[in-house]
Structures are given as structure tokens and as C-alpha cells.
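Labels run A, B, C and D following the written order; every chain starts at residue 1.
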Amino acid sequence: MSAIAADRVWKYFGDYPALRGATLEVPAGACVALLGRNGAGKTTLLRILANLSKPSKGEVTVFGESARDEKIRARIGYLGHGIGVYDDLSAFENLILFGQLMNVPDTKAAANAALERVGLTRVRDGFAREFSRGMRQRLAVARAFLHNPEILLLDEPFTSLDDRAIAVLHELLRDALAKGATIVMSTHQIREAMELATQVALLERGKIVHTGPRTPEMLADPGWLYRMYEEKPQ
Amino acid sequence: MDAINQTFLFYGYTAAWIIVLGFVLILVRRGQRIDRELSRLKSLVEDKEK
Amino acid sequence: MKQGLLAALFIARKDLRTEFRTKEALNASVSFALVVLMLFSFAFDLGREEFYDISGGLLWLVYVFAGALIVNRSFIREVPNDCLDVLIASPMPPWALFLGKTIASFVLLLIVELISLPVYGLFNNLQWVHAFWPLFGVMTLATWGITITGVAFSAVTVNVRLRELMLPVLHYPLLIPLLVGAMQVSTALIKGEASDIMQELRIVIAFDLIFTSLALYLIEFILVG
Amino acid sequence: MRDKAIYILGILGTLLMIWNLHTIFVVLPGEAAQGQIGKMLFIHVPAAITAYSYYAVAVVCSIAFLVTKNFKYDSVAVSSIEVAQVFTLVNLVTGSLWGHVIWGIWWTWDLRLTSQFMCFMLYLGYLLMRPAIAEATQRATMSAILAIFAAADIPLVVMAIRLHNVRTQHPAPVLETGGVDATWWPPLATGYFVLMLIAAALVLVRLRQETVRREIDSLRRELHAM
């Protein structure tokens, strides 16, 4: 059974189809790099997987069940464009809140452990608004990983992060993969994503035009992606 | 009395049709505006596709 | 269901905690209410009896204007950092998120009302203490109506241009039946003629019931696009 | 096809209207109690019923949009509301002129006037909000929800005003009390029919604009995606 299955998913914004029958199967334990140009529909697809948006047509299942199921949603971690933490709450309070919403059994322990993992234990009671950019991003990463999600949906995770946050995220992603988690991330920073990815999926004008394992030459030669565009026009 | 009656009856019907005609005018002008916008965008899209 | 109610309480606590820390909406709302109350005393030059006749009406005018400042903030609070996305992606059902936010706004508006009521009485030499508890009951019912519709509109307008202006334009006309009811009942209570308030109270209650169920049912369409 | 329908409806409406105006002004005598001004009825009442009819269409279509997510329903809803607003305005203005002659005042806060005015205000908010939402799906969804909220509010408005204001100058609707002379019925019914035809033509025109507008939105997105 695949961890995530999107079956001929269409998404219209008004009359404009942002997704045109995208089909994607992600086996459990895989790390998929979702590639594609701006406006190809990466964010739209990830938002549908994260249940932030409903597909107009088609179906998305996670572990064989509808993505709308509440129990399923507790197993998904999502990191979008915004950091998704409250500026007027302390780091600890932020994590406690999301722990409670995510039905984490021992929220305090989980929050402390997450702060430890991203190196924010020292500023546990500081307000997020007082944090530096990098610290805020690490807090966001801690939030997304707080409930040890089995599925991670990351929308351009490396784009706005500083070096330390990238290192932290890398480590957590590796950890999660080792524990058998499934990851889907959209990205522009091809090199960083490629190191982790086991699979690639290419979105082009709302359709998945290529899926397959990540080959070693992809890592060595960043130009392959552009050649693929040319091989499969439209 | 009847004169006032007549005048106001006339006012009433005139006002009614002026309101409807005004709406028609608004509709026509808006229609022209959005048609222009549509053709502008269409040519923009064609230019970009080339 | 139990999970959802619990999540609603978490959300309400979060909103109240951040609000008490920054006091953005609360300060604005209270000071606005005070200014309006002060203006009333300049605007009307009425005898004691006459003032009693419109006392409920004026009171609710203050409350509903102050309420706009509170409910306006409700969903806008989630806009920085895209927090709304994270909340919607969580297992909590959309109605729980909405209910939590409504509870928070309800508590805040009730606080503003309880602060302005004595000031209102003081400025206008109005006796209200004898009717405090029934008045408080009306305030609770009508304030719930104001906040449940206001927070729903706050969710509707969260992605709208000029949302701060748009919200009152949409919200106030809808509130009229509720306000008519609440104003009548409050006037009667302050004047001490509490005989015939049941009919008006029924409108307030009907408004609460209709819009609470409608909003809780429709909120999923609003939040998950 | 649609253009043809618009022309046919428009021409048919106009011809019927001229015939009806002839009946009203030339053939019919003035009303016993009110004289000539009583003939305001033939535009005042049909305008109100036409407005209600299209508000009702709009609410049904709003619900249908939420259920089906088909933009046709959204277009019909917004077009109907806009046209209904126009006829509400006609109703209010003719009523005001009528009232000025008969009651000596332009406006009174009685049940019918107030609820009609409330309808106008509630749906005015709807029309004001629409252009402020950039994304078409969201615009349609939020509009549908507003329309439903407004519709749920109207019975409460009626209830509230009925309690609040018992003194009223507005007569009970003639249609319910049967206070209309038999000869007045045909032009009244024709008046309603005429306005419904004209309103339908206007809705059709407006409907096309809504389609074009969605096309514009979609082209904008396409440009953005390029």
C-alpha cells in the first residue's frame, strides 16, 4: 500500500485548472522531491495533500484512507511558506499549543524534546517575536516535527532558511526517513533536496509528467532537469 | 389634488424606468470595459506563448 | 466531538492569552467605547425620563461598535506567519477552530461591555444596578449573537481587500433584528418594566440559534477552500 | 443563442409594457379612494414581487453552488441579486412617491418599508464584497455564504420589526385582502410578467459578464504561471 496516493487530481481556481489530473503514488518510506517551474502546481498539490484545500475532481488517500480523516491528519506534518508560529507566544507555548491540537500524548515532554532537537532549549520561554530569523525558522521546523509525523509535507523548505536551520532540517529529515517516515517536498534548491530524495516527481502545467527513482547522475548533473522538460514537452 | 396625483404618478413611473435604464447603461459600460480587458489579456497571453 | 470541544478551548485560551499580552483589540475597543459614551453626553440634551426611554438603544450602539473592533481581529490574528494553514491542517475539525475563536471574542467583548456599563450609568446618571443580573443575561445572549456572526464574517473577509472596512458593512445590517431585540429588552430592564420582554428576547434567542447552527455548519466551506 | 434570447425577451417585454401602460393610464379609471395615484400599484407591487422572486432564485443558486461547485450557479446568483436590487430600488422609490402623496411623508419605519430597505442593505454588502476577492472560487464561495446568511436574517428582521413597530400606515398587501377591483387584476399580473421578462433579459446580460470575468481571472492566473 502506498503512503500517499493522488488519483487524477484536478484543482480549479475559477476556470483556471492549476492541477490537471495529477497522479502521484508515494510508497511508504520514500522521500520525493517534487520539482517543477513556478506555477506548475507544486504548492497546490501539497496543500491538497495537507488537507488545506479540496480537490475539484479526483481523490487523495493517505494510508488508504481519505486525507480528510482526522486520525490521518494527526499523522501528517506540514511546513508551508509561512513559519506558522505565533509571535506573541513563547517558543514553549507555541509547541504546547500545536502538541495539544495534534493530539500528542505528553505535550510537555514532546515540546521539550523538540526544542532540544532544534537547539532552542535555552530560549524556551522567549517570545517568538524576539527571535532572530533563523531561530524562528528552527522553531517552525520543531513545530512541524513535534508529533513525529509519519508523513511530512514540505513546501520549499530550504528557500528561506539560514545555514543552521538547513542543517537542523536536514538532520531531522534524515532521522525521520530512518524511522520510516514518508516525505514529499517541493523545492527550487535542487541540490539540497536531491541529496535526501529517493524519488523525483516532475510537475509540468498541473500534471505529473515524470516519476522515478533519483539516479546518481541527477545528483552530479543539475542540467538533467532541463533536458527532461525538453524530452517531454507538455 | 388630482393634479398632484397625476404629477407624482408620472414621477413614479419615470423614476422606475430611469432606474432600470440606468442599470442597463451601467451593464453596457461594464460589459465594454471587461471585454476590452479580456482582449488585452488574450493578446498578452499570446505574446508570451511565442 | 469531545476532541473538537477540547480543541476549541485550546484555541480560545490561545487567543485570550495573546490578546491579554498585547491588548491590541481590548485597548482600542475600550477606549473607543469610552469616547462614544462621552460623545453621547454632548449629543443629547435630554431630561431624565426621556433618556431612560432610549437608554437600551444607546447602550447597544456602544457595544456593537466596540464589538466590531474585537471580531475584526479574530481571524486576522492568524494571518501573520500563515498560522491559519497550520490550524486547518491539524486534526481539529473546522467548527472547533471557529467555536474557539468565537468563545475568545465573546469573552473579550463581554469584558468591554462590563467595563463600559458602569461608565455609561455614571456619565448619564442612570440607575442600572437593580437590573444588573437580567441585563447581564441579555448581554450574554446578544453578545453571543454579535460574536458568532462577526467571527464568521471575519473568516469570510480574511482574504478580502479592505477587510477592516468590509466587515462592518456586511455585519451591521445582519445584526439589526438582534439589536432591535436587545435594545428593547435593555430599555425595559433599565426602566424597570420587565413585564413584556419575553417576545423580544425570543428574537434574540432565535437569532443566536439560527446563526450558531448555520455558521458552525458552513464554516468548513469558508475555511477549507 | 443567448443574445437572441435577450433580444426576444427585451422586445417582448417592451411591447407588453406599452400595451400594459396603455391599459393602466388610458383604459382604467382612477381608484375610488386614492384617485390617479393609486395606479402606482401597477409598478410598485410587481417590482417588489419581481425583486423577491430573484432574491429567492439567488438563494437557491447559492446553496446549489456550495453543493456542486458549479460556477453557473454562482453567476446566476450574483446576476439575480443585482437585478433584484434594481427592482427593490424601484419599489422603494415608487413607494416613497406614493407615500408622499397619500400619507404626506416620504418615509416611515414600518414593517414593509424597513424590511425592504434591509434586504437592499444586506445584499448591497454582498455586491460590494465580491470585487474585493481576487480568486474566483473563493469569491463564489464567500458570496454564497453571505447570500445564505442574508436570507436567514430576513425572517428575523420581519419578526423584530413586527414587535417593535405596531403602528403602520402601509396597508395590508392588497393581494391578500382582496381589496382590488376585478378590472385591476389583469394589468397587475401583466405588470409582474413584464418586469419578470425584463429582469430575465437583464440577468442574461449580466450572466455573460460573469463568464467573461472568470475568463479574465483565469487568464491572469495563466500569465502569472508562465
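In the analysis below, contacts are C-beta pairs under 8 Å (C-beta built on N, C-alpha and C of every residue); 3 or more make two chains touch, one makes a residue touch a chain.
What you are looking at is a predicted structure, and each value in this text was computed from that prediction instead of being measured.
> Taking every chain's C-alpha mean, which one sits closest to the mean of all protein C-alpha atoms?
C
> Just give me the whole-number Å value for how far the CA centre of subunit A lies from that of subunit C.
Spacing between the chain centres: roughly 38 Å.
> Between subunit C and subunit D, what's the gap in Å when you average each chain's C-alpha atoms?
About 32 Å separates the centre of subunit C from that of subunit D.
> Express in whole angstrom the distance between the two chain centres, defined as the mean CA positions of subunit B and subunit D.
16
> Among the residues of subunit D, which are close enough to touch at least two other chains?
In subunit D, 135, 137, 215, 222, 226 touch at least two other chains.
> Of all possible chain pairs, which ones touch?
Result for touching pairs of chains: A-C, A-D, B-D, C-D.
> Going by the contact rule at the top, pick out the subunit D residues touching subunit B in the complex.
Residues 21, 30, 34-37, 39-40, 43-44, 47, 82-83, 86, 89-90, 93-94, 97-98, 100-101, 198, 202, 205-206, 208-209, 212-213, 215-216, 219-220, 222-223, 226.
> Which residues of subunit B touch subunit D in their complex?
Within the complex, subunit B touches subunit D at residues 1-2, 4-6, 8-9, 11-13, 15-16, 19-20, 23-24, 27, 30-31, 34-35, 37-38, 41-42, 44-45, 48-49.
> List the residues on subunit D that touch subunit A in their complex, please.
69, 71, 135-137, 214-215, 217-218, 221-222, 224-226
> Which residues of subunit A touch subunit D once you look at their complex with the stated criterion?
12-16, 18, 38-40, 56, 205
> Residue numbers of subunit A touching subunit C in their complex, please.
So the residues of subunit A touching subunit C come out as 47, 50-54, 70-71, 73-74, 76, 78, 80-89, 93, 97-98, 100-103, 143.
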